[in-house]
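Take this structure first; my questions come after.
A, B, C and D label the chains in the order they appear, each numbered from 1.
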Amino acid sequence: MVTKTLQIIMSPVLALVVGVFFLGLARKIMARIHWRYGPPLIQPVIDMIKLFYQKSVSHGRMFDLGIVLSLAGSIVVVLFLPFGGIAPLSSSGGLLVILYIMLLAPLGLVLSGGQGANPNISIGISRKLILSLGYEVPLLLVLLAVMTRYKTISILQVVNAQQNTGWSIISFPLFLSGLSYFLILPAILGIRPFDVSSAPQEISSGTMAEYGGKYLALATIEHAFVLFISIALFVNLFLGGAANPVIFFVKMLVVFVFGLCINAVFPRFKIEQAIKYLWKWPTLLALLGLIMTLVIRS
Amino acid sequence: MNESIKEQLESTFKAVVVTIPDGTQIVVSVKKDQVLAVLRFLKDRRFDHLALVSCVDWIEEKEFELVYILTHYTQGGEERTDQERLHLIVKTRISRQSPRLETVTGIFSNAEPYEREIHELFGVIFEGHKRLIPLFLERDYEIPPFRKDFDTRKYVKDVFDKIPFVEDKDK
Amino acid sequence: MSLEILIIIAFGGALLTYLVGKVSYKGRNFLAVAISLVLVAFVAYLYGKPVEKVFYFGFFDLDLVLRLNMLSWFFSITMAVVGTLSIIFSLSYIEGKEKADFYFLMMLVVNAAMLGIVLAGDLLSFYIFWEIMSWSAFLLISYNKGPALAAGMKYIIMSIIGSLCFLVGMLSLYVSFDTLNISQIASAITSASSGYILFILTAFGITFGIKNAVLPFHTWLPDAHSEAPAPFSAVLSGILIKMGTYGFLLLLYVLMGLKLFLGLGSGLLSFHSMLCFLGAVTIIIPTFIAMLQTDAKRLLAWSTVGQAGYIIVGIAFGTNLALAGGIFHFFNHALFKALLFLAIGAVEFRTLTRDLDSLGGLAKKMPVVFIGTLVGICALIGVPLTSGFVSKWLIYKALILEGSPFLAFFALAGTWGTILYSYKLIHNVFLGQLPEKYKTVEKTPFSMQLPVVVLSIAILLFGILPGIPLKVINAIGVSFGFESLSVGLWGITSETGALNTVNIFAAVLVVAVLVWLVFRLTAKSVPVAQEDSYAAGAHTPVDKYHYTAEFYSPLHRMIKPFLRDVIDEFYCWIASSVRIFTDSVRRIYSGDVGHYVMYIILFLAFLIFVQLKWRPW
Amino acid sequence: MDRNQITKWFKEPAKMANKYSLHAIYFCTGCGIIEVPPVITARWDAERFGVIPVATPRQANLFLITGYVSVKTLRAIIRTYEQMYEPKYTVGFGSCPINGGMYWDSYNTIKHLDKYIPIDGWIAGCMPRPEAIFIAVTHLWTLIDKGMANAYIRYRENYEFYRRNQEMVLGKLDWPPLHPIHSNVKAIENE
């Protein structure tokens, strides 16, 4: 029982550390690709300390509770997600529960943004929801392919199954789903080609327009958690998850750096182009993966 | 080609002085009340582009001079570069005390911001102008700033230097 | 205590209210609420006591049967509760309006008729109550004049077609089994040929499909819901639609019986998989249409069509998990859709408009209604800790484990579509800038807030402790012949991935409190007026600074060509062509006698000619 | 550049964090904004020092006033400055905001910007080059270190005077005062 509570406390902290490290790494790699030195790795930490000390303005109760709900939603998802050996709550709710709790984070953010009473935010929100509808179609197909392939909805069993049958990214039908998941990863994270919902130039950083001080800090932490969750989900489902956290972290690092290098050089999509892209290639691959899994299974 | 326009203008309008300083310009100075007629006349003869409306303050003669510069995009069907185009400059004089003039937005609708600017900076009132509201300036001025009798140094001394520095309350 | 007293109270109470209404409207209001509460208490008291009363009815020596089993108890308790809450809501909603007594009479009659349907043990009484429900709903839909009349007309025409199909099916059953008692038919029908069963299924299927707004028959619903008065549209989309669900349950499981229903047809072409895919399509298309609506109630109406698809998929899929999910989703949908309609009714009552483009910022003015709508859309989406989540989770788990991922994909994609349109509802009405003209909106009356609060508490309670309704639903599943689920107080404990809502609730609560503490401990944030938001250095007036029109315009442009409501146009084409035909026939009766004489002579000539030519007689 | 002296971080984290994470609001007030793009991109890379451009005043704590300030821009500058959160710092570029510069006698430009909003520091140069901007950033660090970068405190304490000056130039402002105004300062009506 003690190890369980320890794990429950430890896994969000670990996720925060990994997420913030990834944020710092992202800015450093982005800078290196632009031929400049870039900030120190701990720059996100400095930013957050400054933001927590800065005063801020609130637009109403929903404006505050929305951001709190969003961060709480992301942290709860981390509790359900196995991270190497640490898997505190994943016995009481499988992939479906995670899929649904992952919904709390964007919902909290858009509810709090809505009260911000600023058209830039509303435009950012409508783009964010359309984009999430866009990447949700291939994501669902990918998760369904994995679930039907291993005939279970709990991630632990998927991870254990991969120990003996090898990584599912290599096995034939799920290779397509894995590739499709990788293609929509930037859309889930909302980074470069798909940062249409928080575009600083067009809609003065969309959903973040009215966030300052501690709101911006909480929003950045929430972004770090989303970063951690989506990559951890990818590693768990397709790269066989790991026995101990260190190997798990290395796998996540590889996926993250590889994904980031691709996205650092892309210009930003318009929202229609993003949806057209998301509903064309990744959906096709995911659909193919699902059909092949069904054909092979029966 | 310039000659033909010169004859046409002199024949149709009396008391019109047409001079041709060089190959690309024709200067036409007209009376105040003939401006609309001349502009419409020229617009029918392919001078369909009102490039600029500007105002000159002749303070000694106590008159404002309004200058309309007309030009044309095409000559005989095909494009003309800016150098080859014929610029036709229509000038008129109005008195400085009561500067009033007919608006030309009826003929050239793109003259609207020019006339607002001249109204704001010179104080010329254009009758019939739909939106004669300020264009650039934030504050209101008794003597419009572009007039020659507007002393900008005195204005700065009266307005900006009079605003005190913010000493701390306790000092 | 027997069932016929229940029916008498229901209908008698309605008439009594109407009469009392003539005397004093206060008495009428009190009586209406009292009767509904009595019905709720009466039905609750009858829990767990299956009863069957048979009355001899001379006509064709049929017998009228009133019976109460687990299924009918579950439906009747939902109806009674939602009916009572909507009557409480309409106390202050109908206050100033004329014909208030007629409105209350019709509301009580509709509730009574639905109670009758659910208690009916034989098809004849089922049909009688079904007709009473249909026309009383028609009278209520066309309550406020204008476009409501056309909507009511469309509704009543489709309901009549449904009732006729029901009549045809009932008569054929009577002819072949010469009894209308459902239990006797159920035992006798196993011997019938599968062709006959298919005919019965299609006949009753059309009736229940129209009422349940399954896709080809859904066109009446958006007009009827948006034109009906708010409390009735809550009852209409909360329960009246679910009479179709009850009908399907009765038809597929009680009348047909489990083996027969699953045995019909084979593989992909079997009846139940066809019904599942029909349900899946009913989830997707209305959800995308709902996203683009600009009238709040029409948006909710399309959402009802979408959610009915979930219930159909749940029922038709045929495993105990899916059935439990389907019935539980009926229960949740009755709760949260009634909540959303009542909330929008409260907004419409105060701001006299439900156009999403002109509303905004009402959260500060109507906090209780705002929280109610928030809980409502969370349940609609299926956010954990609301009851909507548990029912959708059951449906998904059943679909995935039984190995039909495409159905699961349709259902899950439907959920994301639900998020888009439900967020549009709450954003355009409650968040954003409050326009000038709504700054003087006063508080919503208590009688409107009470139902909203009660429904929100119910949703949250059943979300965290779903065991309470699941126990009853499990009993229904067992009565249909499924093996029972292992149901704990907090969810399903089964081997392939359990659901433990209390763990989820505890985790979310603790983490939310921790994050809120961090939020409070850091620098204090100063509340500020709604005008003081970033506008690139400019100070913009409120009315020009609220973005709601064309909320999803990029998506709108992309999917607009796919969303032309072809079915509605098809029906309207049929209606207009029939009108043209009948119009041309009408011209024969031109009114002067000469024509008629001429017609007679011509006809006689024709007869003579036929007789000479072919000598038929 | 004492960014990696850990002891300082624990002694006064707020001051250090404010020093090494200056988010500058990207609002081009005058001709000097042409110098900012090379500063933030590959050639001079301000991100090394933690200075990044942000879109809204809500996320910013550094306000660069780049070049002459016309009366119309002053209205937007005041509105943006008031929407920034404390602690906030302002830096004026070139001589025009100091005393009007070459537009000293123009009827339309603001002569002494610090009559209307408080300025922490100035950079010389008729549009200072990126290196000068970095020198300004380092000076700002020393000011923050010594606690002298208190323009926002001056603004808060003397708000009535600033508000009066603003209304003398811009006429009636259509947004409410940021801090409550005590009635003893009567707005002197301009002639």
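Points worth noting:
Keep this in mind: a residue touches a chain if its C-beta (ideal position, glycine included) is under 8 Å from a C-beta of that chain, and two chains touch if they have at least 3 such contacts.
Keep in mind that what you see is a predicted model, and the values were worked out from it rather than measured.
Graph distance from chain B to chain C, where chains that touch are one step apart, equals 2. The pair with more inter-chain C-beta contacts, choosing from A-C and C-D, is A-C.
In this assembly, the C-alpha centroid of chain C lies 59 Å from the C-alpha centroid of chain D.
Measuring from the averaged C-alpha position of chain A to that of chain C gives a distance of 36 Å.
Note: centroid distance chain B to chain D, computed from Cα atoms, is 40 Å.
Shown for chain C are the residues that touch two or more other chains, namely 532, 534, 536. Residue positions of chain D touching 2 or more other chains, listed in rising order: 56, 58, 75.
Within chain A, the positions touching two or more other chains are listed as 53-57, 204, 209-210, 213.
Looking at the complex, you find that chain D touches chain A at residues 3-4, 13-14, 16-18, 20-21, 23, 26, 41-42, 45, 47-48, 50, 53-56, 58-59, 61, 85-87. Residues of chain C touching chain A in their complex: 361, 363-364, 370, 374, 378, 381-384, 389, 393, 396-397, 400-401, 403, 405-406, 408-409, 412-413, 416-417, 419-420, 423, 426-427, 430-433, 496-500, 503-504, 507-508, 511-512, 514-516, 518-519, 522-528, 530, 532-536, 545-548, 551-555, 557-558.
Chain contact summary for the complex, chain C toward chain D: residues 529, 531-532, 534, 536-539.
Residues of chain D that touch chain C in their complex: 27, 56-58, 75-77, 79-80, 83, 174-176. Contacts from chain A toward chain D in the complex involve residues 27, 31, 34-40, 43, 46-47, 49-50, 53-57, 200-201, 204-205, 208-213, 216.
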